[in-house]
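Here's the structure, in structure tokens; my notes come after.
Chain naming follows the written order as A, B, C, D, E and F, and within any one chain the residues start at number 1.
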Amino acid sequence: MTEGLFTANNTWMLVSTALVFLMHLGFATLESGFVQKKNVVNILFKNAMIISIGLLSYYVCGFNLMYPGGEPGGFFGFAGPFLEMPEGAAGLVEYADGGYTYWTDFIFQAMFAATCCTIVSGAVAERIKLGPFLIFCVLFVTISYPITGMWKWGAGWLDARGFYDFAGSTLVHSVGGWGALAGIMLLGPRAGKYTANGIKPIPGHSMPMAAIGVFLLWFGWFGFNGGSVLSADPGLVSLVFVTTSLAAAAGAIGAFFVSYFMFKNFDLPMVLNGILGGLVGITAGADQMSPGNSVIIGFIAGMIIPASVVFFDKRKLDDPVGATSVHLVCGIWGTLAVGIFGELAGTAQLVNQLIGIVSIGIFTFLFAFIVFFALKNTVGIRVDEEEEARGLDIGEHEMEAYQI
Amino acid sequence: MTEGLFTANNTWMLVSTALVFLMHLGFATLESGFVQKKNVVNILFKNAMIISIGLLSYYVCGFNLMYPGGEPGGFFGFAGPFLEMPEGAAGLVEYADGGYTYWTDFIFQAMFAATCCTIVSGAVAERIKLGPFLIFCVLFVTISYPITGMWKWGAGWLDARGFYDFAGSTLVHSVGGWGALAGIMLLGPRAGKYTANGIKPIPGHSMPMAAIGVFLLWFGWFGFNGGSVLSADPGLVSLVFVTTSLAAAAGAIGAFFVSYFMFKNFDLPMVLNGILGGLVGITAGADQMSPGNSVIIGFIAGMIIPASVVFFDKRKLDDPVGATSVHLVCGIWGTLAVGIFGELAGTAQLVNQLIGIVSIGIFTFLFAFIVFFALKNTVGIRVDEEEEARGLDIGEHEMEAYQI
Amino acid sequence: MTEGLFTANNTWMLVSTALVFLMHLGFATLESGFVQKKNVVNILFKNAMIISIGLLSYYVCGFNLMYPGGEPGGFFGFAGPFLEMPEGAAGLVEYADGGYTYWTDFIFQAMFAATCCTIVSGAVAERIKLGPFLIFCVLFVTISYPITGMWKWGAGWLDARGFYDFAGSTLVHSVGGWGALAGIMLLGPRAGKYTANGIKPIPGHSMPMAAIGVFLLWFGWFGFNGGSVLSADPGLVSLVFVTTSLAAAAGAIGAFFVSYFMFKNFDLPMVLNGILGGLVGITAGADQMSPGNSVIIGFIAGMIIPASVVFFDKRKLDDPVGATSVHLVCGIWGTLAVGIFGELAGTAQLVNQLIGIVSIGIFTFLFAFIVFFALKNTVGIRVDEEEEARGLDIGEHEMEAYQI
Amino acid sequence: MKKIEAVIRLSQFDAIRDALAKIGVKFFTLSEVKGFGLETEQKVYRGSVYDPGYIARLQIDIVCNDNKVDEIVETIVSSGRTGKVGDGKITVYSIDSVTRVRTGETGADAL
Amino acid sequence: MKKIEAVIRLSQFDAIRDALAKIGVKFFTLSEVKGFGLETEQKVYRGSVYDPGYIARLQIDIVCNDNKVDEIVETIVSSGRTGKVGDGKITVYSIDSVTRVRTGETGADAL
Amino acid sequence: MKKIEAVIRLSQFDAIRDALAKIGVKFFTLSEVKGFGLETEQKVYRGSVYDPGYIARLQIDIVCNDNKVDEIVETIVSSGRTGKVGDGKITVYSIDSVTRVRTGETGADAL
């Protein structure tokens, strides 16, 4: 391993880290665009806190819970709190066969961690109490995410079984989606959304903000997937760029046609969610697919979105930003797709994918449900009607997002 | 070629790819900032679709139309549909003497392709029908752009003649500009813009959005020009960063003085367009100019903007975002500048530049004009008065951009 | 030094350059979010001009004032106007032992330069005359910033003394902060802010814009601090990523608790400023600190913010964006921290840090004060009451930021 | 012909609209206003606690026949009331005429 | 003195303004309102088709002398009409006085 | 009972609010309007100098007892005047009733 190659690899991993960080701005803008004007300060506050909490908790123990080292194939492990840079070359060129340094490993992974909470924050927006939500985030990102993450990326039992999840369709996105589902089930829908005479949508206050969010997320995804190669390997990283981009594009087209067919309308939020669906869908197998496969996977993900959004609405599961459809449903689809398309395709693999989806799904959903349930029956998780009507910005923050 | 150098080169090309991708967010925000509140959903929808259509069509055939290989010096060629990664090293280190991989080549070029349509979308905004516009985009990006692109970058006849266009002042920006010109000629101006008692401007609905767009475009341009070096060559790429930045800065100053002199006013939209003018202007020769040259080129481009905007308005050619002034006029200026300043300066070169500008201009303008003309006389390209007055967001999308 | 390593290093430096450039968009959005709707065009105009002026003036003489070469340990030097690329390898691989090229050096430094003015522009917003402010910027960025910068980074007397400022807590941020302080002292507060019955805050017009700004600044800081390693050294750059991110996160938490404790409120602007405070605080020693140190430094910086904002308000020093608290106060804190925590900690170092803070502070404050004072007593620096009430957008630019 | 102008709470609008619909009043014009009154709302910005002096409210304008007035006013009072300071005000005044632009009809037919 | 309040279509404003100018009525006050009426507008959001219940409209307030009223109302009707449901309403009522702030003039002189 | 509607300059609002408070008028309803009048404002956009035709203004609505009217009008005139064209207009008209939603009180008690 030459110093030049090591440096090039590590540089790419750090650029990816920065790109993944920017996804948090993407989430912040997407979510604030999809909520009402009166809850924008609240959603921004949550996003600013989540990334901060996520990074610190990952520093305190998350990283060492997710990568405990020791015996592979386990269910749980912990390498002790905080970070300890291995001496000399062990922490540098030798740390990951010249892919990146110990510090890079930590910060790249840390940027991923907070994502799972951000996904939840969008789904429970406009009605959840700030304090209890932040408590949930601390527990979710410090305990739940690293444990299930360890099962695969930490060389745990799912990894041993052959479960494959390249960049986290399941480990990151579905995990966030399950948390979101538990949250909205216990919170109930926003007042006035599901009325006697049918669904009364509550339009987001700014489509430009939402669109900015989607473009930024796509941009950040180059680091999310591209960085998951864990080196700057020219062939692999460039393939991942191609599959990721084509899946996102196909997702837009898929959502375009289905929503036009379903609602006779050029539905911007659907197309935006379609892009995200395509990105989530390709994430599990971005390095295993041909361009053609990625187009199919993305296109199907895009088609899933409108159907899924309608499905959740039918069940009165109120998700202002569509996080469950994008991250949970498309995350599952993407994980399954690894068993259907690409290098690894095969029944055995498909079964392994299913095992991973189900086991992680059960663990995460139960964890999130129990935490939200406990909070609900103690401090309470929902703001009162008056505050919901007036808006959480005034209620929780005594200020408004806009002076316009 | 060491693996380290190959990896560093390819990494830079992929970073550039991501930066060029972000330019599409830049266009989306710039254009939505410059249109009225009632047409914002429409412009965002167009931008989300364009990048998706562009990537897919380039995958289906665009790439192989633009880089057909085979006999150099030709007018047209096609290497067959879809992508075929060359076996082994041929697709990797050997593909471009270690500059980048086959996949990188495709995805970097693909990000460029959609740009030409985005330029058009801004100029025809606020009055064009969505469906016909998307049809135009498919044809423009799948056929017209790759063919003229092949003439130069695909080792076609203009390349053989010695025409020089480093990163696309003509091949990308003027091409988009010609398409825009054809569009606005056939569409006619927005209702109420040109009245009996003179021009009645229709101010864009959000200057912050427009400013965000310009800064993002400048940011992306580091990849647009920097990546066009087609390797991470330290000397060349860093020179390109310098010339690109200085030209953009000089463009702002040029537009500042001229607009102050012409309108006795500190005109923000003009300064923003001046920055873009400077960037478009330097694009053709970003690797051939000294810092001093780039300042002059950018400054002149900036001075051209206000004059050009007034010129088009005089001719009742209504361009809400100034795409024709920025991309067409400054694109021509930048291409000519290669024959006037820098390494290649000389009459012979100037003639070659002229031939390139004219030939590509004629082909592109005719192509776009014929397509728009055909659409106009079949499905029609303009929304009816009532819809234009009420806004395309309600008319085409049955929703509004803001709930404020 | 292999070509691969040189290329990787230079590529990272150029990516950092682009990231630092994007910080100017961060400042533009942060500042426009924190001002009133009626002054948004004005602030955007200033930001667009500042980066342009900064780059050009740095090209004309700033760079050679800041890096005069010649005898180390001096107070002032000038290597002549404009840029002169050293012949052959001297300007490339040999220029900085393979860290980056001559052009890279210039453009990376140039992006820093404009920052100091941007910091001022936020603090003096909503009441300063555009013309005189631009004159101040030209002088500040062309003369003051390079001279004090030379004292340390240009191998001047402070460098010789052992003063340490890794990426510019003092050289960039405090310098901007001192300029801001001088400006607001001479300008006086905005009308109606400090009334007989106490402080009447003037809320910013868009919190989403402000939040976008903070996230973009954090993103750009990876280049600001990461690039200040002046190579892509894997160990160092990745450590800087870790310390920078943890300090920012801790800053948010620090501001969260203190503002909750002080105002019984979840204060978004405070948390946003807390993030910036953490970033400014770690900047001076980002390469010297352990993750633990960086958390402490960031947390304290975050706690300083609310106290500092209240402090300045008590003294009727009106700073719409909190630039003095973030950049001046936290800049001083961060510079001192180098003498308290990390590798260099020690009394001797602490003294050197103090000397640096004080000497640069005095020079910069006096310079800015004199320039503003001279302008005040000639052309005047403040718009008249009527214009302030109506807004600078109409007054200085004859247009409005929004048509909503 | 009378015109009723009611300044109400944001949070009561849905209740009032539905209550009015029940008594057959489905048509009205709504505008966003700022109410300066007894009720105030504390706000905090960058560490300063203050009272902006106003509260965002909605104004409902209803044109109706004289005989409808009392019923409408009572309906708004009953559905718009929370009992807390700040429920708003209803003013009623006589108008000379109302015309429907579409048809030029005037008086009761125009409603 | 009379006051005329007209709720009109966004799309008709330019026509109405020009028509009023022709009859010498150049001064008025405009505000943005939401109209709840017969006319409704279908909207779609994230896959749900719904009726928000209102349509964005403009309200024009004109103070004028009694003798001008009919002419103004007719002008608004003729220039604001599209014939489709939702053209709007015009109300007229008497006012006690109008005062010009700049001069303190009242009555006709204040216009 | 009277209702006073005053269209004023943005820049004079604070002065008027404070002046009204001095004479005990602390309650009113404020809305943002566009004023088409004598005063015009030149604007420039992308190189075209033009007159948008209107100026952003504020409208203050005050309900009061008959005897308060003159004092209030005078106060607005004196505190809202700049002497330049565009200071605005004040209209006064009689209302049949005012009701406080919170209590149902009417007339003077409702204020």
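Everything below uses one rule, namely that a residue touches a chain if its C-beta (ideal position, glycine included) is under 8 Å from a C-beta of that chain, and two chains touch if they have at least 3 such contacts.
Since we're looking at a predicted model, the values are computed, not measured.
Touching subunit B and subunit D at once are the following chains: A, C, E, F. Counting the residue numbers that touch the partner chain, subunit D and subunit E have less than half of them in common.
Two chain pairs are in question, B-F and A-D; the one with more C-beta pairs in contact is B-F. Annotation: 19 Å between the Cα-based centres of subunit E and subunit F.
Distance from the subunit A centre to the subunit F centre is 52 Å, each centre being the mean of its Cα atoms. The set of subunit A residues touching two or more other chains comprises 2-8, 11, 15, 203, 206, 212, 265, 267, 397-400, 402, 404.
In subunit D, the residues that reach two or more other chains under the touch definition are 31, 43-45, 93-94. The chain pairs satisfying the stated touch condition come to A-B, A-C, A-D, A-E, B-C, B-E, B-F, C-D, C-F, D-E, D-F, E-F.
Within the complex formed with subunit C, the subunit D residues making contact are 43-50. The residues of subunit B lying in touch with subunit A in their complex are 2-8, 10-11, 14-15, 17-18, 21-22, 24-25, 28-29, 32, 40-41, 44-45, 47-49, 51-56, 59, 82-83, 91-93, 100-104, 106-107, 110, 130, 206, 209, 212, 396-404. Residues 2, 6-8, 31-38, 53-54, 57, 59, 73, 76-77, 80-94 of subunit F touch subunit E in their complex.
On the side of subunit C, the complex with subunit A involves touching residues 2-9, 11-12, 15, 19, 36-37, 203-208, 211-212, 214-216, 218-219, 222-223, 226, 232-235, 237-239, 241-242, 245-246, 248-253, 256, 265-268, 271-272, 275, 291-292, 295, 402, 404. For subunit A in complex with subunit D, the touching residues are 192, 386, 389-390, 394, 397-400.
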